[in-house]
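First chain A sits with chain B, and in the next complex the same chain sits with chain C.
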Partner chain A sequence: MENYDLLNAIILLANFVIVPALSYGSQLALAALGITLVYAVLRFSNFAHGDLMAFGTMIAILITWLFQSWGLTAGVLPTALIALPFAMALTAGFCLLTDRIVYKFYREQKSQPVVFMIVSVGVMFIMNAIVRFIIGPKDRTFFDGEKFIIKAVEFKSYTGLPEGLSIKSTQVLTIVIALITMMMLFYFLQKTKMGKSMRAYSNNEDLALLSGINPDRVVMITWIIVGMLATIAGVLYGLDKSFKPFTYFQLLLPMFAAAIVGGIGNPLGAVAGGYIIAFSEVMLTYAYKKFFMYLLPTNLEPDGLMQFLSTDYKFAISFIILVIVLIIRPTGIFRGKTL
Partner chain B sequence: MSGFFYCENLVGGYGGENILNDCSVSVNKGEISVIVGPNGAGKSTAMKAMLGMLKLSQGKVFLDGKDISNFSPQDRVASGISFVPQTMNIFNELTVKENLEMGAYLREDDLDETFEEMYSLFPILHEKKEQMAGELSGGQRQQVAVGRALMTRPNVLMLDEPTAGVSPVVMDELFDKIIDIKKTGVAIIIVEQNAKQALNIADYGYVLVAGKNKFTGKGSELLNDTEVRKAFLGG
Partner chain C sequence: MIQRYRTHLAFSFMALLLIIVGIGQSWSVSIGIFNLCIISAIMAMGVNLQWGYAGLFNAGVMGFTALGGLVAVLISHQPIYEAWSVGGTGILISLLIVIVASFFIFYVSKNIKSVFKKRFFIVFVILLAVIGLGNFYGPSIDLIEDVNPAKTGFLGGLGMPIVFSWIAAAFAAALLAWIIGKVTLGLRSDYLAIATLGISEIVIAILKHEDWLSRGVKNVTGLPRPVPYEIRLQDSEWFINIIEWLNSSKLSAIETVSGKQDLLNKLVIEGSSIYVKLCYAGLFISVLVILFFLSQLALNSPWGRMLRAIRDNEVAASAMGKNIVGQHLQVFILGSAIIGIAGAMLTTLDGQFTPGTYQPLRFTFIIWVMVIVGGSGNNLGSIFGGFFIWFMWIEAEPISIAFIGLVTSGLDYGDPIRMHLIASAPHMRLFIMGAILLITLRFMPRGVIPEKVVRPR
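Our next item is the complex of A and B:
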């Protein structure tokens, strides 16, 4: 009996904390990677990243609708997955266009990073408006295909345990796609000549120029990667939850917190930061009452919800972590650049 | 002026007052030219001007008989001039091997042979090739810096105070390496604070004062010149 209680408690935790946090963390990690790459190579904090994600997701949704109208679907998988590569390409192009129209001018002026940051706020508002113009501010679900890999009811009848475990296909998709994306990105940065030249340019710009590395090319490749990462992150988040432009804007805080906690400018840090923020958010807003009911003897059962913070305050958690890290270790866990 | 790589009558600065006032430097393949002089004489500035990092109001730079005065620094690098800055001269977040690879960024051919050459010239780089360059000691970093610059197989190597901040033993070692490099037929220009040691290995020496050539001559001649000794070499 004791053993089953422990098992039930673990399943409960997996169901409501571990699996959701893993998938949310993967989405944050991909988003934070985009922020950290812009910071490392272009040397500014890109406040437009959340809305870039919204833009990429919007494109993916439009293409998904087009495919669906043709009767093209991916069977058990969401149709958005077929639309994703096209959306990535278009969003990367949109990034290049933004760079050509806006950022290039300030680069040629050799503007301070703070100017770039303010400019990115302007870009954010414009992207924000474009997305609302085209698709509207409403909440949209664009998921189709098979919703669950493991359903709670099936899990219960299969194992005979009272506690059910449900795993959504979007959660597994998120984790798998995020892992593949990260592996490809790290391979690119560590092993290819182009990736190494990006790191070299980020590390020591003057010496990179002296070595013959073409800065325009580095900037171009960076925007292409950033656009693709933002689209993947946005589409995965939208599939898992739903797409609402305002939510994507709000994601800016946890995304920046993830990038900074890990050490901004350091890709490995962005990944670690994504999971740290996600797990903190989910773990601190989860109500542990049932968990303790399984573990503790009946007379010690908690009266309250055993919830540290209401979910309404989940953004406060990223904010607090951000402040603590900036005070104690400003370079982040993996020693990024000091802000 | 003549030579494989030379500049003549350079006048210019960073926008304000002129730092170079009629300065000329020349070097031949397989030779070492050393620029020495007091602080603020414009030694490093002269070198930067030869690399095209400075706006000149007068003067020309020639490489192998060709006027390259209007070339950008990148174009000069591509035409075979390599430069080792005094500071920030390595990619400290990249491994030693990656540093060398980045030095050869413009090359499309096979690098294996050049890597072997570098590793035999600087054995320590082979030993530490997978280590982050930023974790190395001062002397080792300088070897990475010089190695990076040599990866393009340049005709001209310019070194800005390569021995700044390293111990005397490491300094001698570095100078030995520079002589080894010279023997492969590279034209080398060095800006140095340690005037005595530098003139010792120099084929040709230039003493700059206030951006102007004050003394010019063979390294050994300058070392034995009483006036130069008194003014710059401490007697």
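Our next item is the complex of A and C:
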């Protein structure tokens, strides 16, 4: 079998690094897009975004339970996918409500961005409380349907290789849904009239107003998109891993890191940043011992786990990348600040 | 009238609340809340220095607090000589490698002009350092953690009185603040918020997982106290005499000797807990008073005036020749040092160090609510905010349980909705905090005790 060592090594890497990082990156990218849109249009760093994701996911879980109690399922796909559109609509509505009750006042006052940021901390508290109040702080899984697309055992028997490849259906779903969402978002921003007016508003508020763009409408559309993106990102993350309000709050750091690394305010940057953060996180915390065992001759096999950093420090990785980018190129990779 | 006596009214109200708790629940609870109120007030003063004086958004209060706690352990715990003998040299060599590497990187980035060369050298040094650390750090932490893992398994501390750690914590927090400030100050203001948020998560991650340093999630308990222990008090003659003298009327009302002794025992146990808490309160109040006077002095000095000028108009202050980034760095370091002191005090009060309990909502964002509600830019305001918000944080739970009990009183006892609501009542405190913050920002944006604008006569 030793002739297949290279192949085995590649499969190992695909199994534990490439596929998980791709799906985690897609989730981060969607989340970072929400942050970046708020930053570009409303001009503040939204600390409540992690909890907004948790809120959207909670709605999706509740609707999923409702559908399951009716006996409605999506067959091999998770039921949460049918619930997703409803949850998106409700979360978007919730965003609009928050904007109406809370943020609108400060916008009219033309408050400084930092005031908005503190206000978003208040919103974060309230959303956190609502989520914990309704669904509780515990860990929940709401996945149903077929769990694997390719099982490790089947792959082994099919190819005859000792290294198995398993791909979870949630990973493929995440990547596919994220790609579709991003494509739709970029089409919307680049080609439609509303998207163009959003970009104009983000570039120069006063000039946009003079050109007959209605700022209230732009803000409204932005919140709707942000709510929908947050729900998709949250549900995909919850399906892939599990739903726990505190984990969603902790995602704030990688999300912001992704948005800033790519250039905050720039949607393309948010997507790139999401994948950069995810790949570095997974690649730097993966133990490469087995990988090198396949590739190197027996006498050169490594003693340790060949792990750069233990998984306990995955937050440190997004932070270190953030700091490096801030030092070398403070505006981010794709020169942020406008849509 | 109300405007003028706002401060007095606010603090009288606060005293009234604590007295109500003292009479309604118990004096021990009331003084316990009071002690934590003082620590919160000190943290709020630190954040106020950064936000109120200079307009810096520090979202990493938790990290500085936890660092203060770590310093309390490292100063006060007895050294574990066995661990030092097996792994001490390895750890010291690793520390030396880190220091040398950082100095080298610092030197290279200052003195080499070519960007390519600079980056090449830095990457090279980091790689060398990582290889060196792999050889010394990993093996020695394994050795240290194997020394009596159920009880120690870490290096221990210096075995000095824990009060010294309050000063040391200030320096440790200042050092951390200097590093973060050097990197992020001078960039856009939001970046400081994100960077501090990140560093606080990392500090917690390190404290949780580096067992050789402070036993990680296994916690360090039984730190030495700066005040007497309850058990000792209960045995000492003079303390029993004082309690007897204080309660002489109560005691003389009882006829039987055994009944008298029982009541006295109960009173002594209760009294010793109150006495210990009062001792802590005395220590904490003196720290609060010292820090308050220093902050007031700073606020009213030319330095404070300059900071406010920078806060209110950076461009103008810059045109007047003020070094904005430098001043921001100064005030960021000072504020963080104060938060570090509060962190060490908190660990002193608890008598144990538990990294698992550090939560960003409880240790970062609550402090922000305190500063905003109290009145940013005003030290008295921060102290009031610290007192009031901490009080609410503690008392929100009984209040919301009572409230939910009232709302659901129409439902059956076993009703699932009622059960769920009562079980979720503790989460209402987050809601109350958010609501207080949003309402203050909306209707009283300058806080309960607003900043005084002093005009030169």
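Observations, loosely collected:
One rule holds for everything that comes next: the second predicted complex is superposed on the first by the 334 of 339 C-alpha atoms of A that agree within 3 Å, B and C clash if a C-alpha of one lies under 4 Å from a C-alpha of the other, contacts with A are read in each partner's own complex, and residues count from 1 in each chain.
Everything that follows uses one rule, which is that a residue touches a chain if its C-beta (ideal position, glycine included) is under 8 Å from a C-beta of that chain, and two chains touch if they have at least 3 such contacts.
All of these numbers come straight from a predicted model, not from anything done at the bench.
Of the two partner chains placed around the shared chain by superposition, chain C is the only one that A:330 touches, whereas chain B remains out of contact. In the superposed model, A:203 lies in contact with chain B only, and not with chain C.
Once the two complexes are overlaid on the shared chain, A:220 sits clear of chain B and of chain C alike.
Contacts of A:77 after superposition: neither chain B nor chain C is touched. Legend: residue contacts after superposition of the two complexes on their common chain; A:149 is shown touching neither chain B nor chain C. Look at A:193: by the touch rule set out above, it reaches chain B but stays clear of chain C. Taking chain B and chain C in turn and counting the residues of chain A each one touches, the greater count comes from C.
Within the complex formed with chain C, the chain A residues making contact are 44-45, 47, 102, 105, 113-115, 117-119, 121-126, 128-130, 132-134, 136-137, 249-250, 252-253, 256-257, 260, 264, 304, 310, 312-313, 315-316, 318-319, 322-323, 326-327, 330.
Against chain A, the residues of chain C that register as touching in their complex are 55, 57, 59, 134, 138, 183-184, 187-191, 193-195, 197-199, 201-202, 205-206, 208-209, 360-361, 365, 368-369, 372, 423-424, 427-431, 433-435, 437-438, 441-442, 445. Of all the residues in chain B, the ones that touch chain A in their complex are 73-74, 77-78, 83, 85, 88-94, 98, 101-103, 105-106, 148, 152.
Taken in their complex, chain A has these residues touching chain B: 193, 196-197, 199-200, 202-204, 206-213.
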